[in-house]
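Structures incoming, each one as structure tokens.
One chain, chain A, links the two complexes that follow: it is found with chain B in the first and with chain C in the second.
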Partner chain A sequence: MMNKQVRQLLAQYGSLPAALEDLGNDADLYAAGLSSHGSVQLMLALEDTFDVEFPDNLLNRKTFASISAIEAAVNGLVGERDAA
Partner chain B sequence: MDMQTSSLLDRLFSAGLLIDTGVDGLYGRSGAFEDVITRFERLIDRFGGDDNPEAIRFPPGMNRAHFEGSGYMKSFPQLAGTIHSFCGCELDHVNLLQCMTDGEDWTTEQKATDIVLTPAACYPLYPTIAKRGALPAGGGLFDLQSYCFRHEPSKDPARMQLFRMREYVRMGKPADVMAFREDWMQRGTKLMEQVGLPVEIDVANDPFFGRAGKMYKNNQRSQNLKFELLIPINSVASPTACMSFNYHQDHFGKTWDLKTEDDETAHTACVGFGLERIALALFHHHGLDSGEWPETVRQALWG
Partner chain C sequence: MDLTLNASGADLLERARRVAAIAEKHADHVDAEGRFPREAVDALVSERLLSIQVPAELGGEDTGLPQIAEICTVLGQACAAAAMVFAMHHIKLSSLVSHGIDSAWHRSFMRQVVVDQLLLASATTEGGIGGNLRNSICAVSVEGDDCRLEKDATVISYGHYADAILITSRAHAEAASTDQVMTVFTRDQYTLERTHVWDTLGMRGTCSDGYLFKGQAPKEQILPKPFAEIAAQSMLATSHLLWGAVWYGIAVNAVTRAQAFVRAAARKSPGAPPPGALHLAEASSLLQLVKSSVVAGLERNEAAKADPELLSSMGFAVAMNNVKIGVSQTILTIINHALQITGIMGYKNGTPFSLGRHLRDAHSAQLMISNDRILANTSNLLLVHKQDTSLLG
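Up next, the complex of A and B:
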């Protein structure tokens, strides 16, 4: 479910030149063409969709390096939000 | 604002080096101040001239379409300055004068012109060079200087709203562009040594706007895309950036469809000198009377 949504947002906001279906969950998104601007757009879309806010310490390249990394970060934030 | 900062500005006013206009960050310059900048630019020429850059001088305003295409508003909306003019009829003029007489805001009906104040000396360059077609073999090297505008009023004389930036810009293959930047980090240090200024070079980021900006800043730092040459002016603890060394990767290449001779997207880098900041550093370190500066410094600048 989360994986599908992340992939959807990535397709919509990431401006990747390659087709997402061919991209593994651990594939390097920067190598696949994710730009700095694309990662910012994606970050804002993830916040909107999952009703979370990325804290400053997650606003870096590592957080958005792969689909798995993004899922892990968003899962963590959703968990924190629901626990609060 | 700490006491030290306001006193440096006051001392510059008292010495007549800078002239108060009533707006923070907008100053007149004396002949002595300008002479230092002229001489320093000649020193820059001695370090960079042998590379045979193509010199281009743009006025401090740029084509609004080029400004819009550059993406500047995505990153630095808070710093941009647009030029607006009166475009109305005679009745609008009467109303405008009435507003001024009544002390009301007469600027609301001003319309945006096709000109935007140049935010960095190299911004007009990329679309200009892209228009020529693919770069020649070996890429391109350019020598620029322009007044630049950034809307950030401050009493810190090292943070002016209108200031001059001298730049060398390299366009071409990634390795060539990165070698250019590396080379200038060493040249910059040597150059400042010749005029007796203490320097350090550190990784840096641009003042990107908002939360998205936080991410741009972190990305820029983690990829070592920007370095600054820092010199203490107002404070030893937080020295002032007097030069910057920027690797844009393929950002401007992609933005303007700028190609290398073998049809790859060009990479670009620039090295910038903050001319007023360097003059301020010289006055701060060697005294407000340039005639009394150490002989070695005078020799380097006046020969």
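Up next, the complex of A and C:
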């Protein structure tokens, strides 16, 4: 479910040159062409969709390195939100 | 961060000052003729300042970025072109030191930099891409044990005089434009066919002609890390900080000349405040801002150095971009104050107060990776990065 949504947002906002279907969950998104502009647009979309806010310590390359990494970060933030 | 606090710092400073004295003598000729600052670079070689950043285990002196920046400032006050050559060389070396330390070829190359005092140049800018350094059109192709690369490199500072060029490209023929690598080619491994002549307003001595680059080398000369990481973790910050130190040096020398002018006027008419004194006070305040910005950037970089996550964080990128923007804009205002103070004596060439070279050299700062590009990048990051509201932290 989360995976599908993340993929959808990545397709919509990530401006990747490659087709997303061919991309594994652990594939390097930067190698696939994710730019800093694309990652910011994607982050804004994730914040909006999941009603979370990325704290500054997650604003680095690692967080957006792969689809799994994004999922893990968003899952963590959603968990924190629901616990609060 | 006082360089003279320890013996090795004081020694570095003395060596840098000897180079600066030579650079200063030839600065006007280098500028007028648009020629390579040969005397200054020879002096850098004989003072062995081209290898100070290399780790001691590889024969270097383990010198850190703050010390190298101080040398950039010393040289920048004498000859901005020579200072920029020194800065750009060390920016390239920082990529090797940070990202080539685990690779046998690059380790042995660093030893060679020490032994032969090799001068390293940079080719990121590409025809059709301009200063958008995180994109390439050209691609390196690996065949067997070798790699080949052809690049329309529209600006390579001192390309003709360099002993090696560190050059960016896509990682392979099918790679996305942002999937880049950086490769070291030594002088015997490439040809340069000149395509653009560097006849410019300022920074004329950097001899940044454009070339069609064609190289072939063993494939292990490709740096083992993606260029995205190299850019984020060493090159961008190092560039902005060392460039900033050179630019600060240009402004310092302009203010020094203006101050000498004001003091001479004050001596001529004791009691009456010399005209221009208020401009000098304003320039002094701005100069302090520039210095603080570069020093704070250097301190932040030292603090982040040990932590790759901090180095590739948005907050760090915003801070380094801000150093570049602030310094490159403010030095123009400072030098303009200096020109107001010195008047015709500053406007004319060949006087002790001449500022034409300073003003022309300083104008390159906004273009060297266009400020518009950097502002566009920062404004994108600020959509998500929260403003730092603290004073000290």
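In this section, the second predicted complex is superposed on the first by the 84 of 84 C-alpha atoms of A that agree within 3 Å, B and C clash if a C-alpha of one lies under 4 Å from a C-alpha of the other, contacts with A are read in each partner's own complex, and residues count from 1 in each chain.
Simple rule for what comes next: a residue touches a chain if its C-beta (ideal position, glycine included) is under 8 Å from a C-beta of that chain, and two chains touch if they have at least 3 such contacts.
None of the values given here were measured: they were computed from a predicted structure.
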Which of chain B and chain C A:18 touches, first, second, both or neither: second
Chain touching more of chain A, residue-wise (chain B, chain C): C
Partner chain in contact with A:43 - chain B first, chain C second, else both or neither: both
Touched partner set for A:72, first chain B, second chain C, both or neither: neither
First (chain B), second (chain C), both or neither touched by A:32: second
Common interface positions of chain A, toward chain B and toward chain C: 36-37, 40, 43-44, 56, 59-61
Contacting residues of chain B [partner chain A, same complex]: 71, 74, 211-212, 214-216, 218-220, 222-223
Parts of chain A lying in touch with chain C, wherever the complex brings them together: 16-18, 30-37, 40, 43-44, 47, 54, 56-57, 59-62
Residues of chain A touching chain B in the complex: 36-37, 39-40, 43-44, 56, 59-61
Chain C - residues contacting chain A, complex: 134, 171, 175-179, 226, 228-229, 232, 309-310, 312-315, 317, 377, 380-381, 383-386
